[in-house]
Each structure stands twice: as structure tokens, then as C-alpha cells.
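What follows is a pair of complexes built around subunit A, which joins subunit B in one and subunit C in the other.
Showing the complex of A and B:
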């Protein structure tokens, strides 16, 4: 399938995303931020709409960035104040921001096609320019992760200890939320919401079944995502070309990633039996 | 339009009723996963030609069992398991729709609903489910709260926890399957969580919270429909924004008398 140049670009984009999603998903897993990640994929939508209305296709990136950062700040503040429980606050921010986007879009004519693009992304029409943007963001994200990693781990597994050691919990949380927001912004236009949420949650959860060391989880997550990306593109290509079944690439990638998770579950259980009762890392609040 | 108003009132009341328990038990993410994972069931049912409520209900039961089973595995907690199930269900549903013709129309109505096009049948179903859920909560409300706040005590008092939890999850599932085809996933989540979270700020007593929550839900539905007609924006989005505005106003109003609590 790689005789088609657009498939090469699609795979390159997925490879870049695999590189950042492996490490980031480990922290999403350890801090139980699945719902926050899900919320962020929805809340960048109004930013995408406003950016597109203001400056055309060039504005999408900036709009999504602003909306993502706003959400990260709002979520951090709402959960810190402790007036609402985390999940209720997240649900309200998610639905309210998404509705702003829908309300804006519903006043324009090409309503449904915009929503569809937002769901699926346009991985097969990724341009070299978009690839370059993703690459730059990937470097920025990996740098931010490298700086924050140790403090995040400390905060995840021993919140009281890290606060006593002088780490500012709120700033660490905000920092992590911002990194997740950046990943969403980097990925959402190319691969759509369906795939972004899967990329942020599934790699670490799958890797966790076979290892409890964080660096190994990150590496394994990246490898799994790479394999799923390749296999997903191949399946959707074969289904469309040879069998005439319209299978979107993003969907195929997600389903294969989840399949990998399902296959790894029993493997992990076998390993747990042989190793004995390993200590349960990953359970810290 | 008359049916839309009836559906908005009934859905608001239904969501407000169950929302109290969703908020107290912190099941928002689970609710979100249910709305997304019910989707492939609905689509598959539509393709095969079975009634869509049946397909949705079946998928929902599978999801509830899946999350419960996965989160019991070593090292997998409920949040990660819910996330995995959510992505799988969402991708499956979206993939199924994409193989059909004219799918973008269906997708957007799945997300934001089409409350303006509900018919007498939808309204009847919603009304019946509202009755059933009201009865279940009237009978089991106390044990749900007991099991939620003090599982050990509830077990000691002779409640069967597994049964209580399962009843609650199935009730939530029933509400979602009823509401999502008419009003969409985002609106369903907003109507379930926002009014109840707002009501929770005003009181600590279950009866008061429930009454307020139902009131807020109905008010959001009516006000949202009104705004949507006047300013020509999508009805589901308008209702969601009103529900969120009620929560923000409640936050502001309940914080004024007690500034010492502020963080």
C-alpha cells in the first residue's frame, strides 16, 4: 500500500503520534485522567470552529490550541476548589464547551460535514506542512514530559509526600493537563476525536497488563500504537480497495489497538501467576 | 413542536431523577461511556432491522459487565477500563455507520440529538420509563445511597451489594437508552450531570436534592427550547448551555454566604 504517497504520509503522522502518546498515556493512566482526556477531545471543538470561521483552515490550529489551554486551566481550577466532584466538573465542562461549538456550527450551512471531519479527521489527506507542525509539537511535548516526569510520578503515587517536599500540586496538575491538551491539538485535525481518545488511554492500559515499570509501559505503548497504526492503515486500505467496504482508517486503527489490549489481558494474567503476587503499582490515587 | 416540549420536560425530569445518583456515586465517566457504547448497538440494530431500543439496551448491558470485569483485573482501574470500553464502542459504532450510506446526518443526530423531530412514540416511551425509574428509585433509593456512602455498613445491615449496584447501573442504562436516540449523547450527559450537580450545591438532603434536580432539569429543557427557537441555534446545544448556566449560577450563589470555604 505504500506505493501511494498519501499512505506514507498517513503512516508518518501516526508514527509521530505513537511517539508522544506512549509516554503521555502512561501519565494519563497513572493519574486516572481518562475522562479529562475524553473531555479535552470534545472541548477543542469550539476552538476549531471559531478558528476556521476567523482565519480559514490556517486558523484551526490556533483555535484548537486556545480552547485546549482554556479547558486545561478550567478543569484544574474547578477540581482544585473542591466544590464539585472531579467527574461532575469534567462532564459539565465537556458538554458545555462542546455545545458552544455545536451552537456556532448550527448557524452555518455545512453543519454535518464539519462534525464528521471532526470525528474522523483527515488522516489520508495529511499535508507535509501538517506533518511538520505535528513534528514540532511532538518535540515540544516530549520536552515538557521529560521535565515534568519525575514530579508527576511523585505526585501520582504519593500526593501528600510530594506536597510536603515542596512541589506545587496545582501547578503539576495544570502542567500535565496542558500536555494532554497539546497532544489533543496535535492529533485531532489529522486523526479525529475517535482516535485521539483511544491513543491517550489504550496504549498504557494495554502495556500495564504485561509490565508494571513505567518506562517499559511507555516504550511498549509506543510500539503497540505503531503496530496498530500500520495494521489499521493496511486493513482499511485492503477493505476499501479489494472488498469495497468503506472502513475509515481511524476506526480501523482504534479497533486493532483495542484488540491488542484484549489479547494482552490473558497474557498479563499468565505472567502474574508465574511472577507471583507482584506489588500493585498503578493503583496510587 | 408540542411533542418536542413534552419530550424536553419528560427527559429533563428523567435525567434529573437518575442524575442525583450518578453525581453522588461519581459515575459521570461511566455514563459517558454508556452513551458512546450504546451507539454500536443502536446502529447494528438499525442495520439488522431489530428495534433500536433493544439493540441499545443489549449493548449497554454488555458495557456494564465489561467495565465491571475489566476493572477487577490486577493493575486496571475503573477509569482506564471505562476509557478503553468507551473508545472501542465509539469506534465500532462510528465504523458501522460509515459503511452505510448517508452517514454524516445520522452521526450528528447521534451526537447532538434531534429533539425537534421526536414523535408521539418517543414521548410515550420516555413517559413510561420515567414512571418505572420513579418507582425503582422510590423503592431502592435509600439502599443505593447507603451502599454508596458506607458499603461495609450496608453489607453488615444485610444488603446484597452486588445486587444493589447492578440495579443502579441497569437503571442508569435504561435512562440512557431511552434518552439518547431522542436527544443525543452530549445532551444526555449534560442533562444527567449538570442539574444534579447544581442541586447538590444547595442541600445535603436527598429528597431536597432530588426535587431541585428534577426542577433544574425540566427548566433547562424548556428554557433551552425557547432560546433555540428564538436565536436559531441547535436545540440540544441550547439546552446543554442552559443546564451549565444553572450550575454556574448555583456555584456563585452558594459561595457568597460562605466565603470562608473558598479555596
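Showing the complex of A and C:
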């Protein structure tokens, strides 16, 4: 499969996404930000459409970046001011921005084709320039995660305790929302605005079934995403080349990632039962 | 000159949210090495007072100083011990991870966690009798053990002012003894403790000062001065009942 250069670029893109989605998904999990992450994946949609209309495929990155950052700021301010509950603010921003995106894309003559690209991505057409942009973004994201990780975990575990220790909750929330937005921006061209949520939620959720340690969750989430990336590309390649079945690569990657979660679930349940017995013994001491 | 021996000072303070006071006439000083118990019914303003130290509730009127500084300049100086039930027991962190959180402010943003920090965390766990449970997931400990871990986190922070929210609520006898022993060591070393509690017996037993609240400060002084039938009846309304032997008990409304 890797004799085709576009498959190498596709796998390299997925490997970069695995590197950032493994750690970031841990914080999405710890802060229970799955809905916020879902909202961010939808709210970059109008930015993607505007960027594409203005500068073609190369404009998607900039459009998504602007929309993602604006949404991250808006969500943080709305919840900070107590104007709306977290869920309500997220839902309002999500539906408003997604509606704008649909209205914009429906004005284009190639409506169906464009919409499919925006929603489900085009991993096989990743260019070297796009790969370089994702690499730069990955470095920025990992640096932001490395600095914020401790404070985010403290804030997720005990918001009042972290405030007592001097950490400013609003800044930490904005910081994490921006990082999630950057991940969405990095992934949106490859897997689209709909499927990117899987990369932000499933790695940590799957890893959590087999480990209690946050660093291990991040590492395992990265490995799972990497394996799903390779397997997904292989499945879609084999399906189309050997069997003539059209299967979108990004969809195959996400399906295999979700399958990994489904396989790990019973392992996690078995583990929970074992741990439950250990807890009874430990608390008696 | 700043009064460095006074950990906490409220001078005719009014506390609240969005500019509206919910607790008024707060006036007391807590010195290093002393314990002050906040008592009062639910909604009396005990949590608001603790939040005001952390900068999470506003000082609407009067003045508040924390370790000699205005509240706005005292961020991160006090250590906070929450009620264990307010935390997610499924959160994937070990007991040692939780205690290390008390060191985060000292460690800073960039520096990795060093050996000295890990040793300080283990020493703090040892002070509450849980050194052998360091690697156990926080949620797998009993409620009392989890509360001890949170006290250890405050110890690891090495703060001169500790704020404790109902630290013995629902805690078993073994953990109560461990927590009270650790708190005694802290005050002996010069730390000031501000403890919110519904347990008047505990307040009488461990506090040097008691502050009686219900929308305003009804009284502040020694336990003998504050925990009287008359004052309790005034603050708690009809829920304070005198017993024939001269003691006063609180009953459910």
C-alpha cells in the first residue's frame, strides 16, 4: 500500500494526529468536554466553508483556525459570565455556527461534493504543504499541553482546590478550549468536521478501560489511534483495489478506532470487577 | 507595617457575589498556630467566608487580609481541603498524585516534578498514616482515607493558612484520629486553621476560637463564649433546644 506516495502522506498525517489526539483526548475525558469538543468540530464548519470559498483547499486551514479560536473564546466567556450553563452555551454556539456553515455551503453550485469533503475529509489528497502545516500545529499543541497538563488535571479534579492554589480557572478553561480547537483545525482536512470528534473522545475512552493512570491513557490512546490509522488505510485500500468496494479512508479509520473501544470494553468490565474486590480488601485495612 | 503573625483578619467585612452581600458584619482575627471553627446552619455563609479567602467570593464591604495581604494579592497562599464527597471518585489519579497537587504551585509551569516534591508528598501521606497507600487509585480508598489524602495535600503545600470544609463529615474513627493528629501537628508548627463544621462538639473540642454565622456574624470568641444556648438559639432559631442538664442540642427543623 505504501508504494503509492499519497498513502505514505495519508499515514504520516494520521500519525501526527495520533500524537496530538492521544494526550488531548485525555484532557477532554478528564474535564468531561466531549460535548464541547463536538461543538468545536461543528463550529469550525462555517470557517472551513468560507476558507474554501476564498482560497480553495488551501484556505480551509486558515478558515478553520479563525472559527475554532473564536468559538473557544466565545464558549469560555459565555460559561464564565454565568450567562448560560455549560451545556446550554455549547448547544447554542454549536447550532448557530453549524447553521451558518450549512447556509454558506448550500449557496455553492457543487453543494453535495463540497459538503461531503467538509464533513468527512479527504485524507488521501493530503499535500506535503498540508502535512507540514499539521506538523507545525502538532508541535504547538504538544507544547501547550506540556505546560498546561498539571494545572488542567488539578482543575478537572478539584476546581476550588486549584483556584486556592492560585490557578485561574477561566484562563485554564480558555487554554484547553483553544488546544481542542487547534486539534480540530489540524484534523479537519483529513477526517472532516464530523469524524474528528472520534479522534478527540475515543482514544482516552478506550484507554481508560484498561488503565487508571493518565500518562498511560495518553500513550495508549496515541498507539490505538496510530494502529487504527494504519488498519483503516489498509482496509480502505484493500477494499477498493482488490474488491472494487468504495470505502472512505477516514471512515474506515474511525470505524476501526471505535471497534478497538468496543473490544476493550469487556476487558475494562472484567478489570473493574477485579478492582472492586481489591477495593473491599484495601478499605478494610 | 504588615501584621505577619495574623493569618486572617476580617474587619467589619461584608461578603457576597456580583456586588450583593450574603454575609455581613464579619469581624475577627486568626493568628498563626490557632484554630478557628466556623459554625452555623446550612446557608449561613460558611462556604462564602472560605471562598472569600480564596478570592472566589467578593469582599463587598469592610476589609479582609490574608497572611498580611489584601485578598487579591494572596492568591495561592492558602491551602484548601474540600469535602471528599465533592470530588469525582472515578477520577484516574493515585493518592500520591492528589498529594502532589499540593506542590504544583511551588513546582511552577515548566519544571518537571522532582524527587524533593515526591518525597514531600510521601512524607505528607505518612503524616496521615497512608504512606503505604500512595500508589492506590484515589477512588479505591475509603471515604475517610480519601479525606486523609486531601489533608496530606494541604500539608504538602506547606501553607501557613489551611481552610478545611467539614473535614470530619462522615469520616470513620480511625481517619478522624489521624486527621486530628495531623492538624494538631500543623498548629503546633505555627499554621492557622479555619475549619467549617456542623459539629459543635468538634468545634468546642479542637477550636481556640469559634465564629457563629447565619447571614451575619452573630458572635466570635472562645468556644465557651460563643457556644452558649442563648447565642445558638439566636443564630439557629428554633433548632437549638436546651436540655435539662444545661447543655444545648440542635434538632432537625
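Convention: the second predicted complex is superposed on the first by the 270 of 285 C-alpha atoms of A that agree within 3 Å, B and C clash if a C-alpha of one lies under 4 Å from a C-alpha of the other, contacts with A are read in each partner's own complex, and residues count from 1 in each chain.
Throughout what follows, a residue touches a chain if its C-beta (ideal position, glycine included) is under 8 Å from a C-beta of that chain, and two chains touch if they have at least 3 such contacts.
None of the values given here were measured: they were computed from a predicted structure.
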**Message:** Looking only at subunit A, is it subunit B or subunit C that touches more of its residues?
**Reply:** B
**Request:** Using the touch definition from the top, say if A:10 reaches subunit B (first), subunit C (second), both or neither.
**Result:** neither
**Request:** For A:183, decide between first (touching subunit B), second (touching subunit C), both and neither.
**Result:** neither
**Message:** Applying the document's definition of touch, where does A:160 land relative to subunit B and subunit C: first, second, both, or neither?
**Reply:** second
**Request:** Applying the touch criterion given at the start, work out whether A:90 contacts subunit B, subunit C, both or neither, answering first, second, both or neither.
**Result:** first
**Asked** Does the superposition put A:141 against subunit B (first), subunit C (second), both, or neither?
**Response** neither
**Request:** With the two complexes superposed on chain A, say which partner A:75 touches: subunit B (first), subunit C (second), both, or neither.
**Result:** neither
**Item:** subunit B versus subunit C as contact partner of A:208, first or second or both or neither
**Value:** both
**Message:** For A:150 in the superposed arrangement: first (subunit B), second (subunit C), both or neither?
**Reply:** second
**Message:** So in the superposed three-chain picture, is A:217 touching just subunit B, just subunit C, both, or none of them (first/second/both/neither)?
**Reply:** second
**Fill in**
Contacts of subunit A common to subunit B and subunit C in the A-superposed view 208, 212, 278, 282-283
**Request:** Over in the complex, which subunit A residues touch subunit C? Could you list them?
**Result:** 30, 147, 150-151, 153-154, 156-158, 160-167, 208, 211-214, 217, 275, 278-279, 282-283
**Complete:** Within the complex, subunit A is touched by subunit C residues 51, 54-56, 75-80, 82, 86-88, 91-94, 98, 101-102, 104-105, 107, 109-110, 133, 136-137, 140-142, 145, 153, 157, 163
**Item:** subunit B residues touching subunit A - in the complex, by the definition given at the top
**Value:** 23, 26-29, 31-32, 70, 73-77, 79-84, 86-88, 90-92, 94-95, 98-99, 103-105, 107-108, 111-112, 186-187, 189-190, 193-194, 196-197, 200-201, 232-234, 236-238, 240-241, 243-244, 247, 251, 255, 262-263
**Item:** subunit A to subunit B touching residues, read off their complex
**Value:** 29, 32-35, 37-38, 42, 80-92, 94-96, 98-100, 102-103, 105-107, 111-113, 115-116, 119-120, 194-195, 197-198, 200-202, 204-205, 208-209, 212, 245-248, 250-252, 254-255, 257-258, 261, 265, 268-269, 272, 278, 280-283
